[in-house]
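Each of the next two complexes has chain A plus one more chain, namely chain B in the first and chain C in the second.
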Partner chain A sequence: MERWWIRPVVRLVLAVALPFLVPLLIAGMIWAMPGDPASNVCPDCSGEGMLQMIQDRNLDQGPLHFYTEWMSSMVSGDFGRSWSFQSGEEVSYLLKSGVGFTLKLFLLGALLILAGAFLTARGWIPRWLKSGIRLVGLLPGLVLSLAAIAVYTVYINPSAMETTWTQVAMGALILAIADAALSGTIDGVDEVIETEGRRRYVQIAILRGEGTLMNILPNTLPGLVGQVRARMLSLLSAAIIIEMILKINGVGELLVVGALKQDFPLVMACTFFYVVISSMMLLLQAVLEIGVALFIRKSPKGVG
Partner chain B sequence: MGIKKNSLLAAAGLSAALLTTGQSLNFYEEALPTSMNPLYAKSMVDTRVNELVFDRLYFHSPINNSLVSRLVDQWQMSEGGRAMQLTLKSGVKWHDGTPFTAADVCFTIDAMLDEGTPSPIAAKQREVFAGCEVKEENIALVRFTKIFHNPRNRLGFYVMPSHSFEGNTAISPDHEFSNRPMGTGPLKGNRGRRGVSFNAVPNAHHQAKVPQMSLQEGADPLVQVRTLQNNGVQGIITVPPPYRADVSASDELSLKSYDLRSWWFVAVNTNKKHLSDKRVRQALNSIVDRTELRKLSIGVEEGEQNSPCEFISGPFVQTSPYYNRAVEVQETADLDSALSLLQAGGMRKVGGTWHYRGEPVNLKIGIKASLDVEAPDLLSQVSNQLGAAGFQRQQHKISTDEWNRMVVTGQAEDYDLIIGKWSFGLVEDVNPLFHTRTGGRGGLNIFNYSSTAVDTLLAQFDGARTDTQAQDAYHELHEVLADDLPYLFLWKLDTKSAWQTSVRGNMISAYYYWTDFDSWKYIQ
Partner chain C sequence: MSRRVALAIFLVGMAILVLPGFFAPEFLTAKDGSVQGAVGPFAAPPLGTDSFGRPLLDFVQQGSRIVAGPSLIAALIVMILGAFGGLLACTQSNRLSTAVQVIGEILGALPRLVVVIVVVRVLPEEWRGLMPIAIAWALLTAPGAMDEAASVASRLGGSRFVEAMRAHGFSRRRIYLVHILGYNLRPVLIRQAAETFAQVIFLEMALSYVSMMQTDISELTHGSQEEGWAGILYDGYSYLALNEPTGHSLLLGLALVALVLIVVRSVVYAGRAR
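For the complex of A and B:
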C-alpha cells in the first residue's frame, strides 16, 4: 500500500469543502422548489415593501447571490433573521439557544455508547446484561420517545416551556439504547476482539504476558475510528427525531421546523451546524489515521 | 424495598407538584402565533395575542357592546366628516415606560399607508385612511379617504410605538418587533420556542390582576383536556365538541362560550372546467348530506336540542343581522335533484363514475388540518358522500403553513374542494372572501372566484352610509351566493373554552377573547 495517504487526504479535503458546498446545495434547492422563492416567502405581500423585503432577503438575484451574501454575513457571525418560525428573531440567537441542548443530548448519548464499548473491551459487561441491552435495542427510538414524552407530559412537567435536564437525560438514554445503537456497538467490539484476538501475533503477545487490547489496538484503531464516526453521525440524525418528539429545544428541531415553514436562513444555519460537526469528525479521523500510520505503526506503507 | 419505592414515588410526586404550580397562568392555544406584529397577523391566534399586548383605538365593550376606547379621551369630526380629531388620554405608557402620544397614532397610520410596508392588513387600511397629522402631543387628526357612516368603527386597529421603529414607517415582517413586540396592552409578550410568555405591565388604563401568563401550543385535544384536569394548564382556548362532556363532568373546570362567529364551508374551485357550471356546484350542494356529516363528525343527532352546530345557507351565522332567512338551508341530501343537475351540467355517468367531456371526474379535496380536530373525520365523510354519488376523489390535509401560504392567497388551484372555516368579529366583512382579486381586494378569495354581480353587491356594502343599506347589500349577497355556490355553506359550530374554576372573572369577549383581561383573576 504505497499510497496510504490518499484516504486521509480525501477526508481532509472533504472536511474543508463540506461547510462551503452544503449551503450552496441548499441555496440551489431553494430555487429548484416549485414557484418563485421571492413570492413564496410572503405570498400575500405586495407593493414596494414586498420588493424591498425580497432585496433584504437576498432573493432578487438568484441562488449564487443568495449563497455568497449568506456566506459573507455568516463569517461575521450574522446568520440573518428568521422569516417565519419566529419572524424577526436573529437566527444566531435561535442557533445559540439550541446548540447547547443538541450537544448535551448527543454527547451524553455518545458517552453512554463509548462507555459500553470500553466496558465490553475490558470484558466487564456480563452476558445477561448484554442480552438485556440487545432486547431493549430492538425497540425503535420513535416508540421509546413517544412513551417517554407521554410520561413526561402527564406526570412530570406538563407545561414546560424550557427544556429540562430530565428531558435531555431521557433523550440521551433513548439515543444510546434504542435502534440497537448500544447493542450494535457491544457486538461490534466483541467481534473485533474475538477476530483479531485469534491472530498469531496476539496469541504470542498473550503468551508473553501482554494484554490483548493493547496489542490489537494499533491495527484496529483506524477502522474503529471510522466506525465510531459513522455511529456518531447516525446518533446525530437520530437526535433530530428525539428532539422533535421529546420537545428538546435543540438545533435538530429547529432544522425540521425551519424546513416545514420554509424559513431558509434558519435551515441554512442549522445545516451548517451539522456540517461543521461532520467536518470535525472527518478531520479527527484523518488526523488519527495519519498519526497511527506515522507514529504507532511507524511504517506508513502497511496502513490501508 | 417497599419503603424505598414509596419514597421515590413521593419524591417524584412532590417534584411534579412543585413544577406544576407557580404564579403563571398557563393555557393551550390552537397554535403558536405566526407573528406578533399586528400588521402581519394571519390567524385567530395572532389576533388574540395582539389583544393582550396592544390596544385598539376603539373597540366594542364586551359588557354592553358600546364602542369605547382606552386610549382616546375625546373625539370630534371635522373637515365635513372626512377627518376626526382625537384627544388622547394622559398617563398611558408603552411597556418600556415611554409615554404614548399622538405621534404613535399617526405613526401607525403612516406605517399602514407606507407602500414600503408589505402587509396585506395595511393594504386594506389604505382604502380607509388618507393620512394623519399630529396637532399637539395628545391630539391627532385622522383623515379618511371618504365619509364613513361609522368612522369610529374604522379605528379598530392596534396602535404601535413609533420609537420601536425609530420613526421608519416602512415596517418589515422581519423586524424584531414581530417577535418581541411592545404595546400599551395589559401584558408584555415574549415569543419563545415553545410558546409566548406574558408579564403584566401596570399602566394608567390597565391593571391586570394576573401577573404572568404563558401560551403553549396545544397538541392532541385529549392530552390537552387531561393536562387541564391535572391542573398542568389552567385553560384551553378551544375545546372540540367530543371532549366537552369530559370537561363539563368536572367540578374543577368550567366550559365558557366564545362567540367567534365562525362558519364552516366547502370552497369550490369555480375555475376548474368540470366545476365551472353552476348546476354542477348546485348538484354537489345537494349531494352533501349535512345532517349526516354533523352526526358523524361532530356527534350531533338529528333534532338534538342545544346543538353546538347550526346549519347555514350563506356566509353568515344565523344570529347575524346580515343572514338572509329567506334562503333555505339544505339539511339533507337530495340525490334525485343532484342527478338531473349533473346531467344538465354536462356530466355523464359511465360505469358508476361521473365523467366530464369523456374524462372521469377526480375531485381533489383538502381540509385545513386543524379543523380535523374540531370535526374529526369530516374530510373522509365528505369524500365518502361524494364517492357514493359517483365521484373519484383524493383527500389531503392542509397544514396551517400551507393554508396561510397557498390557500388564502389563491394559490391552491390544483384543489377542487377545500373545507375551511372563517371567523369574524362584530363586523362581518366578507368582501375579502368573494371579491375578485384585484387592486388589493379579494385578499382571502381561495379559488379566485369572480362574479360581477357579487362584486357589485360588495361595493354596495362598502359604500353603505347606514346599517340598513349595509344589511340590504349583504342580504342580497347571501341570496346570490347561495345560488351561485362558490362555497357549499355548512354550519356554524359553537366555540367553547375550558378554564379551571380557580380562574375567576374570566369574561371572554367575542372574537378578540382577551378584551376584558383586566378583570381576570387566578386564585391558587
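For the complex of A and C:
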C-alpha cells in the first residue's frame, strides 16, 4: 500500500497552520526590508511623532511582538487601523465593505466552474460548446475585463460609483471563462473519466447495466477535487485583477492598494482573508481524501 | 499541421516578441500636451502614436524588453523543477519525494497573486521589477508542474521502468535524459513552461494596467520612465469607452496578446509526443 496518507495529512496540518503562518511571514518581511520599518512606513516622520507612531503601530519590539499583537487583536475581530490607505480607519470596517463583493465574485465564478465539472461528468456539454469555451478560454482575463468594463461604462451604468450586481456577474463570468479556467476543468474532468472509464471494473459495471459515473466516482473523487481546488485557487488570484479592472470594491482592490501604499495592517488582513479561503479548500480536500480512503476504498463493499 | 511548421511558427513568433527589446529606447518620449489625439499607422508609420503623440513602436520595444527575460527565466525554472519532479518519481528516494510533496503542498496552497504582490512590495526599491515577480510566480507554479510530471512518470512505471530499461542494457543517463525526459516528459514540461511564459507576460500587462489606473501609485513591474504593452491597451481602451481615435492601439495590444497565445500553442504543438 502506498503512503496515501501523507498528502491528506500535510493538507490538514497546512489548513490549520496557514492562517497563522502567513501573517507571521509578512511581519518577518516588514523587518527584512532594508532600513528600519518605521522610517520605511513613514519616511517623513521624526521626533516625538515618530516615537508615538512606532508605539501605536507596535513597531518598537520586533516582528514577533508585532505579529502577536496583531494576532491577539485579530482573534477579537480587531484588525487594527489603516496606516496609509485611509489613515486611522478601522481595517475591519474596510474589510467588511469588500468581503461581500469578493465572496460573491469568487463564489459565482466557482459555481460556474463546478457546474462545468458536473455537466461534463454527466456528458451534458455538447462538443461544439466545449470548443467554444476552449476558444474563449484562450483569452487572458485582462482582455475580457477590458471589453466588459467598456461595455458596462458605455451601455449600462456609466456614472455609478457603487459596485453593482451586473459588475459582479460580469466579473464572475470572466473569472470562470478566461485563462482557460472552465475549459481546463472540462478537459481535466473529461480526461479523468475517459481514462478511468477504460478500466475493466467499469466495463463490467456497464455490462451489468450500472452507470459509469457512480462506479468511477469513488476512485476519481480525490483527483477531481484536487483539480477543482487548484482551479479555485487560480480564481482567487484572477479575481484580484478582475476586481481592479471592473472597479469592484472588493478585498483584492484593498490588497493591491494597501500593498502599494505599504499599509501593512490592511495587507495582513486581506492576505488573511485569502489564506482562510485557501485553508478551507485544503481542509475540504483533505477530509474528502481521507474519507474516500478509509470508508470507500477499504470497505469490503467498496470499489478497489 | 506538422511539428516542423509549428516549430517554425514558434521561432518566428518568439523573434517578433523578443527581438524588439534589443532596440528599445532607454526612455519613452515625453508626453506632448499640445498633441490633439492619437495618429494611426498610415500617418505615423510604422505603428502610429498614442494620445500624447508618443510612437507605439517605442511601447512595443520597451514592453518586449520588460517581459522577455523574466518570462523566459520563469519558464525555465518551471521546466527544470518539473523535470526534477518527474525524475524523482522514477527513483526510489521516498524521503526526498515526501519532502518535495510537503514543500509542493505548502507553495501550492498559497494564492499566487497575493504572495506576488506582498513579496514585490517588501523588496528594496532597487530590486523591484518584473524579474522577482516572475521568479516568485514560477516557484509557486512549479509544484503543479512537478505533480503533473510525476504523474506522467508514475504512469510510465516509475522506478520499474528504469529497472526494465537497465535490463535492456541502456545506461542510466540515456534512460533519464532520452527516454524519460526526452520522449515522455517533454510534452508536459514544454506545455507547463509555455503556459508560465504566457502567464508572466499577461501578469505584467495586468499589473501595469492596474498601476496605470491608480494614478497615485508607482509601477510594480518596471521603471516610471518605461511603458509596457499594457500602455498600448490602456490607450486603446479609450477607443472602446470614449470613442477616441485610438483603435489602432487597441488592435496592436490585442495583436500582441494573440501573438503570445500563438507562440504558446505552436510550441506546445511542436513539442507534443509522437
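Criterion: the second predicted complex is superposed on the first by the 295 of 304 C-alpha atoms of A that agree within 3 Å, B and C clash if a C-alpha of one lies under 4 Å from a C-alpha of the other, contacts with A are read in each partner's own complex, and residues count from 1 in each chain.
Going forward, a residue touches a chain if its C-beta (ideal position, glycine included) is under 8 Å from a C-beta of that chain, and two chains touch if they have at least 3 such contacts.
Just so it is clear, the model here is predicted, and its values are computed rather than measured.
Steric overlap between chain B and chain C is present once the structures are superposed on chain A.
Of the two partner chains placed around the shared chain by superposition, chain B is the only one that A:155 touches, whereas chain C remains out of contact.
By the touch criterion stated above, A:53 is placed in contact with chain B alone, chain C being left untouched. Applying the stated contact rule after C-alpha superposition, one finds that A:227 touches neither chain B nor chain C. Considering which of chain B and chain C touches more of chain A, the answer is C. Within the superposed three-chain model, A:147 lies in touch with chain C and out of touch with chain B [touch as defined at top]. In the superposition on chain A, A:255 contacts chain C only, with no contact to chain B. Of the two partner chains, chain B is the only one touched by A:90; chain C is not. By the touch criterion defined above, A:212 reaches neither chain B nor chain C. Look at A:26: by the touch rule set out above, it reaches chain C but stays clear of chain B.
In the superposition on chain A, A:73 contacts neither chain B nor chain C. With chain A used to align the two structures, chain B clashes with chain C at 23-31, while the other stretches in 23-31, 77-85 or 203-211 stay clear. Residues 153-154, 260-262 of chain A lie at the contact with chain B in one complex and at the contact with chain C in the other. On the chain A side of its complex with chain C, the touching residues are 3, 6-7, 10-11, 14-15, 18, 22, 26, 29-30, 32-34, 138-143, 146-147, 149-150, 153-154, 179, 230, 233-234, 236-238, 240-241, 244-245, 255-257, 259-262, 267, 270-271, 274-275, 277-279, 282. Every residue of chain C that touches chain A in the complex is listed here, in rising order: 94, 98, 101-102, 105-106, 108-114, 117-124, 144, 198, 202, 205-207, 209-211, 213-214, 217-218, 220, 230, 233, 237, 240-241, 254, 257, 261, 265.
Looking at the complex, you find that chain A touches chain B at residues 35, 40, 42-50, 52-53, 56-57, 81-84, 86-90, 94, 97, 153-162, 247, 249, 253, 260-262.
Interface of chain B with chain A (complex): residues 12, 15-16, 19-20, 24, 26, 34-35, 37, 40, 114-120, 123, 170, 172-180, 191-195, 197, 214, 216, 223, 226-227, 230, 232-233, 399, 401, 405-406, 408-409, 411, 440, 443.
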